[in-house]
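The structures come next, written out as structure tokens.
Shared between the two complexes below is chain A, which has chain B as its partner in the first and chain C in the second.
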Partner chain A sequence: MSNILPLIQNECIKIIKKKRFYVVLLVLLVLVPIFTYAQMRSSELSRDKFNGDWRLELQQQITDNQNSLGSDRIPEEWKKYRLIFVQQLQYYLDHNVNPKEPNGVTFTREFMDNSINLFIPLLIMAIASDIVSGERTTGTIKMLLTRPVKRWKVLLSKMITMIMFVSLIIFSTFAISYLISGAFFGYVGFNIPVFTGFQISGSNVDMSAVHAVPQWEYLLMQCGLIWFVAVTVALLAFMVSVLVKSTAASIVVMMAALIAGTILTNMASAWTSAKYLFMVNLQLTNYLAGTPAPIEGMNLNFSLIVLGIWALVSVVVSFTVFTKRDILN
Partner chain B sequence: MNSSKWIWRIVSVASIATTLVLLVGFIYAIKDVNAPQVGVENERPSQPIGEGVADSMDKKKEYKIAAIGDSLAKGTGDQTGSGFVKRSVEGLAKSSSKKTTLLNNLGINGLTTDGLVKKLDEEGVQYVLKQSDIIILSIGGNDLFQGAQLLSSAKGKSGETTNTTSTSTVQDVTAEKITSALPKASAQLKVALEKIRTINPDSYIIYVGLYNPFGDMKELKVVGNEAVTKWNNVALTTINKYENMTLVPTFDLFTHNLKRYLSTDHFHPNAEGYQQIANRIVQGIE
Partner chain C sequence: MDNIVLSVEHVHKKIGKKMIIKDVTFDVREGEIFGFLGPNGAGKTTTIRMLVDLIKPSSGTIKVYGYDVNRDQENALQYVGSIVENPEVYTYLTGWENLEHFARMQSGVEEARIQEVVDIVRLDQRIHDKVRTYSLGMRQRLGIAQALLGRPKLLILDEPTNGLDPKGIKELRLFIRKLAEEGLAVLVSSHLLSEIQLLCDRVAIISQGSILAVGEVNELVSQNADYVIWEMEPLSEGEIILSQFEGVHLVESAESVLDDSLIAGMSVNSVVTQNEEGIIPAILLRLVKAGIAVKGVNKINPTLEQLFLQMTEGENIE
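Here is the complex of A and B:
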């Protein structure tokens, strides 16, 4: 174990020096202000419409959704979503809590929620997809393997480094989003109550387990779940990176899988065995918020197990392939 | 080499710290979803909704309008989607010097008096009503012409405007059904009106009277007209008891103008019909 630490150190310095991490930060610094501005405009618009009273806005939202329930043109599946949504909104209204109180923390919460299945994995890939195949593209992998170090140790050091950066990326996403949106909406809101624990059975919401948690705690839980998802995606990208020679190809493969996931979650409710695919299980924060899972029979533990198995398999594949394969260029 | 050392130190410490924090969050999340701790709820003192917010607005300065009721309040059948609510708000803004704002339109397709009475118990609805100076109510059509509404609104919405619409509604709406629904529904109407009055004693309540959408069908003309008249009478008896409450008649508007004012679903008014109702509402307020 003693000689793995220098390897990790080496990898970390490489990532920083190669400016991979700066790319991630730059993307965040460019995109977050755009989202913040869009959010600000939309909240300004609704403020004008409803005299700045969120209760009126919420009530109108409930009414509009109820109206659409009566329409025959809307698929049953969507009706179920809306019915659940209406019940949750009603709960917020009854408890006099604004679910969308505009402040930096709420913005961050929603931003993290929306970026779990595509945006954060994308950022992760900037590092994970490059970490092995990048060495092969440049040919430096030979240098690395001619050293008197076991191959699995080299790979393990890369994997550990990657997970370290996964944590850093999630933290940076949170920090940047909070700092920038806070400048627009104010830096308060850590103690606002958020309801969690909506249990969905059919199209009804069981409110018995609903409880309020302060927003900081909600964010912490949310980031924890995002971290798990991100690690899984990173390990998968890592495997692809081991299997595929070029960085570009490994990014394309991972992106294709993730985009397929978002399309599938939108339409695959009829194909139930799709729930064993990792990309359908990425929306872990939905279980926290009480949004119904895309496919019947999915719950948090199920998704965690599915993701865990995928992650485990990709670790095993990565190591067996990397230690056995001939390195040719 | 020195900078590398610093990079390593910062990166390693930061990443280990964040990983630990995120792990804690992860475990918390699993715990919370699987075994939610109930009882922390309601920690926040929930201020009674509506109080303090519904300040006694100087009515001379501003009209705050809310609408509640069925598809007519919502504006179904109006191609522009405005319905009489938006139209009367616009009309009022034009004709009076006061600022007119529409707080909420709580119209829901297919709402019956039963549904309305239940809805009035919701805090969110009460909150809206408490704040409004003018409350426009439209209800009852679905009680009397049950079945016809669901069918025709679905057809009208999807834009399938075939002639079968009117014939199929006739089968659904029979004379017996109309008359049998009358006593219970009108009692519920009374309850609803009284409820709104207690929720907001100061507002001006406008009840939009019913018309007979089947006036051009032999089988239903007489029964329909009778039922609608009776209904409007019952509504008026309740309304007369209160100050600041009025019924805006629509029966006469539609009787001989069904072709002009009804939308293609042969149940809801069209844009022009809604405009006529809105005109009357505005006239009543001025």
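Here is the complex of A and C:
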């Protein structure tokens, strides 16, 4: 009977009027300048130390890492990471490209890189964790479901709206980060080359597939991957929001899962089946940059498939539960 | 002549291992106000939630104009406007935005209709304020406006007088009457027995998940023989005459059938009987002939409350 578009319009109005999205923007507007300032201080420091010669700085970094490889006190796994890191730095040095050239675009790239597994999912939860459970907390779900609209349509409209806002959040993160950091470092750097395609096998880096892409292209790929991760996390949060009655509980469940993921990733775990958990697969952009995966056997395709399966299961569970459940209070 | 709007047939609901609703069957017709009466926890709200597809029945069918509510929601629910428990609307939106929101969920509800329902519930002064700032009465009115938006044929109001002041209750009563006169079927639930008695044409009495009786309010009342309070002197002689009279039943413990307020007002020289109205003059004549001074004869129409107490045998009501 009724079309899905008016329902999507309803959901958008509710998110905007509830000021959820403004909170997200506000968080970005407060935090990005702080990070920018920190970045500026650190680059000032190294400029003083190396008289502005980035080659010298890079060489120093390589030497430091190589020296530490000889030490017994460093765990084997860390050594592997550093060995790979050294090889990549060397590649940049050999090709006369500064991997850390301070400009707005590079800052944005690094900022996005670092926010993929925790910061952006957190912003997304502000909307996704509330979108269904918020209606149950306030009881408005009763009004929503007693209208002549099939339940799956109500849920679908919420899901589409959520994905729209997820996309908007990623775009806003990019835009705010570029606009603010550009004011400090200059709005340049779209065309400087970034190397990608490092193949890691054991502790060796296979450079044969490495190629330079302009930074804008790199950013585009990066944003695509971030979007994929963000949608997966959003769909999971959406499922929790369907299952749990209170928004607070729904946020706590997702937060716990995400933080557990960070801890597991950092443990570089010997528990290999942990690679099937969604939360250790969030750092997709690391595959672009050539950082070794936290667990042996993970690669971009693997992570995409794992995340895709988790997302699909969430959607199925959400719709099954939502269309069948009795609304008792 | 009476078109059936809502028909509920043999509905059961099991939650966990417990049968919450047992074999509920009733119809609601066009233009009537149907009361749904029962104590808290009797299953009123559960049943009402099943009528609007918030809960699926375990067995049985609920149909609105022949459309199954739980299978064919889009056809069935377009005829239904409802407030389940409290009128929960979006407090961060204005009243108007709330109505627009619900209008978008149904085809054929234009801005003119929104204005119409706003006028009906007389909210036009505050309709563009945030609902957060509304009083409970105003939210109730907004809830009713929302329920009326889609030009329903059946209006379901769950405990509509909750939280309203006496003036608001009276207004609501008149309002519901007016809607019913315009041909709307209205289903009202309440645990307030007087409320149902004042408002409804027919009533279903529910207790512990089962319907005890369905019928016209007046009919249900007259099924119950009338009570009469006799005040006379000397009482003992009068009692003997009454007990010998055919068709008169002496009530041993008045407390079980009468309101506390009535008992408090009774003189010590009183006795309560149960008999038909028609034989009162004959009884009176015999009492007077026997030289008994009859000071008062007071006929008590049973309230639904008494009816209810008898049916449920003393289950607590509020």
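Following the convention adopted for this analysis, the second predicted complex is superposed on the first by the 326 of 329 C-alpha atoms of A that agree within 3 Å, B and C clash if a C-alpha of one lies under 4 Å from a C-alpha of the other, contacts with A are read in each partner's own complex, and residues count from 1 in each chain.
As a convention for this text, a residue touches a chain if its C-beta (ideal position, glycine included) is under 8 Å from a C-beta of that chain, and two chains touch if they have at least 3 such contacts.
Here the structure is a predicted model, which is why all the values come from computation and not from measurement.
Participant: Chain B versus chain C on the shared chain A, clash or fit?
Facilitator: fit
Participant: Mind working out whether A:9 is in touch with chain B, chain C, both or neither, as first, second, both or neither?
Facilitator: Both: A:9 reaches chain B and chain C.
Participant: Determine, under the contact definition given at the top, whether A:213 touches first (chain B), second (chain C), both, or neither.
Facilitator: A:213 contacts chain B only, not chain C.
Participant: Examine A:58 and indicate which partner it touches, taking first as chain B and second as chain C; both and neither are also allowed.
Facilitator: The answer is first: A:58 touches chain B but not chain C.
Participant: Mind working out whether A:327 is in touch with chain B, chain C, both or neither, as first, second, both or neither?
Facilitator: A:327 contacts chain C only, not chain B.
Participant: Considering only the touch criterion stated at the top, classify A:267 as touching first (chain B), second (chain C), both, or neither.
Facilitator: Neither chain B nor chain C is touched by A:267.
Participant: Tell me the contact category for A:248 with respect to chain B and chain C: first, second, both or neither.
Facilitator: Once the two structures are laid over each other on A, A:248 reaches no partner at all.
Participant: Check whether A:140 is in contact with chain B, with chain C, with both or with neither, and answer first, second, both or neither.
Facilitator: A:140 sits against chain C, while chain B stays out of touch.
Participant: For A:74, decide between first (touching chain B), second (touching chain C), both and neither.
Facilitator: A:74 contacts neither chain B nor chain C.
Participant: Name the chain, either chain B or chain C, that contacts more residues of chain A.
Facilitator: Residues of chain A touched, chain B against chain C: more for B.
Participant: Quick one: smallest Cα-Cα gap between chain B and chain C in the superposed arrangement, Å?
Facilitator: So the smallest C-alpha to C-alpha spacing between these two chains is 7 Å.
Participant: For chain A, which residues lie in the overlap of the chain B contacts and the chain C contacts?
Facilitator: Chain A residues touching both partners: 9, 13, 17.
Participant: Using the touch definition from the top, list the residues of chain B that touch chain A in their complex.
Facilitator: Result: residues 4, 7-8, 11-12, 14-16, 18-19, 21-30, 32-34, 36-44, 46-47, 49, 53, 74, 101, 103-110, 122-125, 127-128, 131, 150, 153-154, 157-158 of chain B touch chain A.
Participant: Going by the contact rule set out above, which residues of chain C touch chain A in the complex?
Facilitator: Checking each residue of chain C against chain A gives 15, 49, 52-56, 73-78, 80, 82, 84-86, 88-93, 97, 101-102, 104-107, 146, 150.
Participant: Contact residues on chain A for chain C in the complex?
Facilitator: 1-2, 6-7, 9-10, 13-14, 17-19, 138-140, 142-151, 324, 326-328
Participant: Quick one: in the complex, what on chain A touches chain B?
Facilitator: 8-9, 12-13, 16-17, 50-51, 53, 55-56, 58-60, 62-63, 66-67, 70-73, 90, 93-97, 163-165, 167-168, 170-171, 193, 196-197, 208-213, 217, 220-228, 284, 287-288, 300-301, 304
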